Amino acid sequence: MNLIETTGSHHGLERDDEARRGAKAMTSWQNNRGARDARIAAGAGLAHGKVVQARDATRLLEAVIRPGDRVCLEGDNQKQADLLSRALLAVDLSRVNDLHMVQSGVVLPEHLDLFDRGVAKKLDYAYSGPQSARIARMLFGGKIELGAVHTYLELFARYFIDLTPHVALIAAVSADRDGNLYTGPNTEDTPTVVEATAFKDGVVIAQVNEIVEQVPRVDIPADRVHFIVKSDKPFFVEPLFTRDPAAITEGQILTAMLAIKGIYAHYGVQRLNHGIGFSTAAIELLLPTFAERLGLKGRIATHFALNPHPALIPAIESGWVRQIHSFGSEVGMDDYIRARSDVYFTGPDGSLRSNRAFCQTAGLYACDMFIGSTLQIDLAGNSSTVTTSRIAGFGGAPNMGADARGRRHPSEPWLKAGAEADPDSPAALRRGRKLVVQIGETFGDKNVPLFVERLDAIELAEKLKLELAPVMIYGDDVTHIVTEEGVANLLLCRTAQEREQAIRGVAGYTDVGRRRDRAMVAQLRERGVIRRPEDLGINPLDADRSLLAARSIKDLVRWSGGLYAPPSKFRNW
Amino acid sequence: MEDLNFQHQVRARASGTRRSAVVGVVASGNLEVLVERALPDAQCVVDIRTAAMGFGEIWSAVIGDFVERYSPGGLKFSINDGGARPDTVSLRLAQAVRLIAEDGQ
Amino acid sequence: MTASLDDVARAQRARRTSFNEASARTRLELMLDAGSLVEFIGPEQREVSPHLRIFDLPEQFDDGIVVGHARLEGSPVFVAAQEGRFMGGAFGEVHGAKLTGLLRAAREIGSIPVLILFDTGGVRLQEANAGELAIAEIMRAVMEARTAGAKVIGLIGGRSGCYGGGGLIAGCCSALAVSEPGRIAVSGPEVIETNRGVEEFDSRDRALVWRTMGGKHRRLLGAADVFADDTVQDFREAALELIGLVGAFGPDRLKAEHERLAGRLRRFGTCKDAVDIWTAEGVADAETVPDLPADRFIALADRIGRTSRDAR
Amino acid sequence: MTLDEILVSLFPDGHEVRKDDGVVAGTATLRSGGRMLVIGVADRTALGVNEAIRLSEHVLESIDRGSGPILVLVDSDSQRMSKRDELLGLNEFLAHLAKVLIHADMNGRPTIGLLYGHSAAGALLATGLATRVLVGLPGAEPAVMDLPSMARVTKLSMEALEEKAKSTPVFAPGLSNLEQMGAVHMIWNDAAPLASQLEALLADMPAAHDRRDALGKQRGGRPKAADISERVRDLALQVR
């Protein structure tokens, strides 16, 4: 017996018995393969070759899935196997129940309806943005038995160790009759999910938008795919990474200017990842203007692990960006990416090839900086996007926003940050440091303060009796905090008290900010731990929207030469 | 709505000759600041009507820092606030001082 | 007349500044001859709405509209600019009365054109009766001013569009200029969806909203005579062009307008979508109209040639 | 009162006013013997592009060929809220109707609006509010904005809105509120013959000059409009 099947689940044992019944000739070391074959045989009656009609999708799932199975229902922060999630929701509960869902994203209402109905019981996941309020209510109400909330990379890793799916329900753009899949620009998690499932005796079922003679490129080879369901509608994709420049405020522009001059330029950061907030969109839109005037072109922001952010188009068109590898794609960017293959990773068919697992790894190991925003930061620099009524999950930010202890290759920013943190160690034995920057305005939406004495995540963990509070980025990984009041360099803090005052010193008029030790903050400023706009030669009155390379979605379309086709909800023409 | 009033004695008179200026718009998260050269040189008054209740302490801190930094002597500021964040308030006040510091009417 | 240095600087900034994004005051500052604006009842007079307090809502010192006198290329103009971000640019009692007074003066003088920079969602809900009536008074005052010889030009390109009664006032003007983001309609998208259902009109489908109500469609229909690119300078030039184009008002105009609108109903009355109308106008690839850049769109609109000139 | 009752009471000497799909049009004989154009919207019909073009056509024809005052009867819905109407430029059609009425009024064809039922928003602007004198009949129920919609937008309860409506006529629906605003000049007595009230009004028609803001001030409904418009006008005349 292998490790997975000895975890003590009675469901697992039942499946082994069933496998023995279904394949008498098999030795006891190939039970799982037998069970997999039996599942496929049970579904085969509904299929012509591998193709199953959409109306038979639920029957297929009833035939293939067993009670208590670990099921990966593909869905992340962007693409969704929506037809299969509806089909799963409709199963006969006497045949399919108590599933253990192991999936990146809990995003569609159906994902949670599964638990309400009793189709599923246990959940291990990474991201739940749009369902953050409902998932919190269901966790409080005991409707969901929570395994853990993960980062993407962490959940992917567990697919190969102790959360290997019995059945994977995935989404692709097209399939040929043999079952070769084209996942298109939104390849995302699919190769990882299929790898873990297909090579460990699991069953892979794909929903596809169309069945074609020949797929444009093979993203998933046919021998890893067991059933194909043709969907009437293309699978849903959320335009998660589109930020309308029209909504960028003067405060965000000021904060972006501080980051560019105080961090990007200071360390010479070339390899990096950006979060999805408006502050980082402002940075992207200031590269061809403000940063160009500072003479930084070619010296910063050249290589990205990043989704195809529309806001980066002006910088790309201005020759700032050499290369971008992406977790997923972005709605409306397909033609632009295709035409800019020097910058993006594309397949022989010309379209983007994204891959979340590789890109997360790239962000962790090959980037010198992560910069992103958050909802709460405490006095130690711990940050969280959890509030008492919302659990948004982690997604990828903690992988980006963590110092990779296994990193061994040097780079200028990494070494410089390491030296700032630990000036006394001999250089040859001193670890570098990844720059992990939290950027934001001191007050967020509805005047909610960014800085708090105690994270809501702690209260939530107590209420749910979790062993770990859901901290997005741990304070000891954070190197800088940037607000409109200034830049705090935590690498230069030598004591916990200095660290706290450095944070208070950029916390503006929040309660945390107003309770600063003014003398100590002044001293930190003299040491350059805190740098105000005037220390960086920036006049807040210059933070004007005219600095943005694009001030509207329409401007982005113009920059792209008409190649960017934004989704309708972002248009005003 | 809440009415707030702050009065400060300041070091020096604000520069420029313009009599009045207005910056900003009353909208959610935004504010308008009307500034008038209407007081003795050593005085500064800030009148606020705000849609966000109970932020008096923060206003006091924001206005205090502003007066300390810009020494807006002789100026009366009248604010209609749609619930702006403190950093937006600071920015608008600074913009108002810059505008009234111009010469002209 | 040679432009002053101030005017050169103004024109440069106006060319860089999005009309859509600018505030009412910035639009006026950059559109009119440098330093020429004299505001009537400015913010320092604090003539705020007497009604917003009932709803515990913040006031704005100018009640969301700037009215005054200025010069455009040296010639006198009256101007009114709505601030679309304050209460959605909606008409309240004071807001409306300022424009009414301006138009009444224009009627008495007869020769000074009036520029109205619309940016409005229509009637201000909290003072709906006063706002509705203000619009009725403005419509009457526009017609009286036009009858007396004044040209009343509407400029539409603000973020709140020109909705509700604002759309009716625009319909009374001598001529309109509109930009791509500008919208002109009576019922807003959300209002139609709320009353008639999402099948009738999906207010979140912004491409649908714009091709039904947006500047390009209004220009192609001939409802607006000039299409301005979204810069303040373009609107200045559009205003100058329209002041030059507009002729005197007379009853023949109303008959011509009647023919124009009746003809529109006959030709396009059964069209289901703007794309059908554009196709009926002979536009090849009509669905690409929203994507056309300004210069190519203007060439297309000129070729189709629909206009409300002398017919409104 | 029903439309028929109103027409009979207004025109005891006869009328040829017909209703067709909610659009009212025709002529009637006045007590004085003169003729009057009658148009209007009945049965709470929404005013869309089709209705507006028909109404304005009657007025334009009458300007060419007819004489005498013009009566606009109003029992309408709001403007027609539809994709088609907006696609075709409803604002122009409604403005056109209003312009034609205003033009007629300014050129010897005094206009009277008679609000006897419902009306709202753009429909009221293009009809009753585009006449020189707007008369209300008891029981008329104009609503610029309905309270449930207001409650939704303002996030106030219906009770709170109704409470506020007691202290001000400025936002709530109702004939008397519009009267206080100066929008409705007078309310006729529906127990007495309408013909004599019409004759009295025609005999003493106010000048074409728009005095609604002064009325609103006098009646306490609009405290500022008249003064503000007067001040702006004076300032504008000074810079000449």
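So that you can tell them apart, the chains are marked A, B, C and D in the order they are listed, and the count of residues begins at 1 in each.
We adopt the following convention: a contact is a pair of C-beta atoms (placed from the backbone, for glycine too) under 8 Å apart; a residue touches a chain by one contact, two chains touch by 3 or more.
Quick caveat, the model's predicted, so the values are computed rather than measured.
Peer 1: If you average the C-alpha positions per chain, which one ends up nearest the average over all of them?
Peer 2: So the chain sitting closest to the middle is C.
Peer 1: As a test of whether you follow the contact definition, which chain pair has the most C-beta contact pairs?
Peer 2: C-D
Peer 1: Between subunit B and subunit D, tell me the centre distance in angstrom, where each centre is the average of that chain's C-alpha atoms.
Peer 2: 46
Peer 1: Between subunit B and subunit C, what's the gap in Å when you average each chain's C-alpha atoms?
Peer 2: Centres of subunit B and subunit C (C-alpha means) sit 33 Å apart.
Peer 1: Can you check how far apart subunit C and subunit D are, centre to centre, with Cα atoms defining each centre and the answer in Å?
Peer 2: Each chain reduced to its C-alpha mean, subunit C and subunit D end up 25 Å apart.
Peer 1: If you average the Cα atoms of subunit A and of subunit D to get two centres, how far apart are those centres in Å?
Peer 2: Result: the chain centres lie 59 Å from each other.
Peer 1: For subunit C, which residues are shared contacts with two or more other chains?
Peer 2: In subunit C, no residue touches two or more other chains.
Peer 1: Can you name every chain pair that touches?
Peer 2: A-B, A-C, B-C, C-D
Peer 1: Which residues, counting only subunit B, touch subunit C once they are in their complex?
Peer 2: Within the complex, subunit B touches subunit C at residues 1, 20, 22, 25-27, 30, 32, 34, 36, 49-51, 78, 80-82, 104.
Peer 1: Name, in rising order, each residue of subunit C that touches subunit B in their complex.
Peer 2: Per the stated touch rule, the residues are 23, 25, 35, 42-44, 46, 53, 56-62, 83, 85-86.
Peer 1: For the complex, which residues does subunit A have touching subunit C?
Peer 2: For this pair, the touching residues of subunit A are 246, 545-546, 551-552, 554, 557-558, 562, 568-573.
Peer 1: Applying the document's contact rule, which stretches of subunit C touch subunit A when the two form their complex?
Peer 2: Residue list for subunit C touching subunit A: 16-18, 20-21, 180-181, 204-208, 210, 214, 216, 290-291, 293.
Peer 1: Show which residues of subunit C lie in contact with subunit D when the two form their complex.
Peer 2: Answer in residue numbers: 38, 40-41, 47, 50-51, 54-55, 67, 69, 76, 78, 93-94, 96-98, 100-102, 104-106, 108-109, 112, 122-123, 125-137, 139-141, 143-144, 147, 164-165, 167-172, 184-187, 191-192, 194-196, 200-201, 212-213, 217-218, 221, 223, 251, 254-255, 257-258, 261-262, 264-265, 268-269, 271-274, 277, 312.
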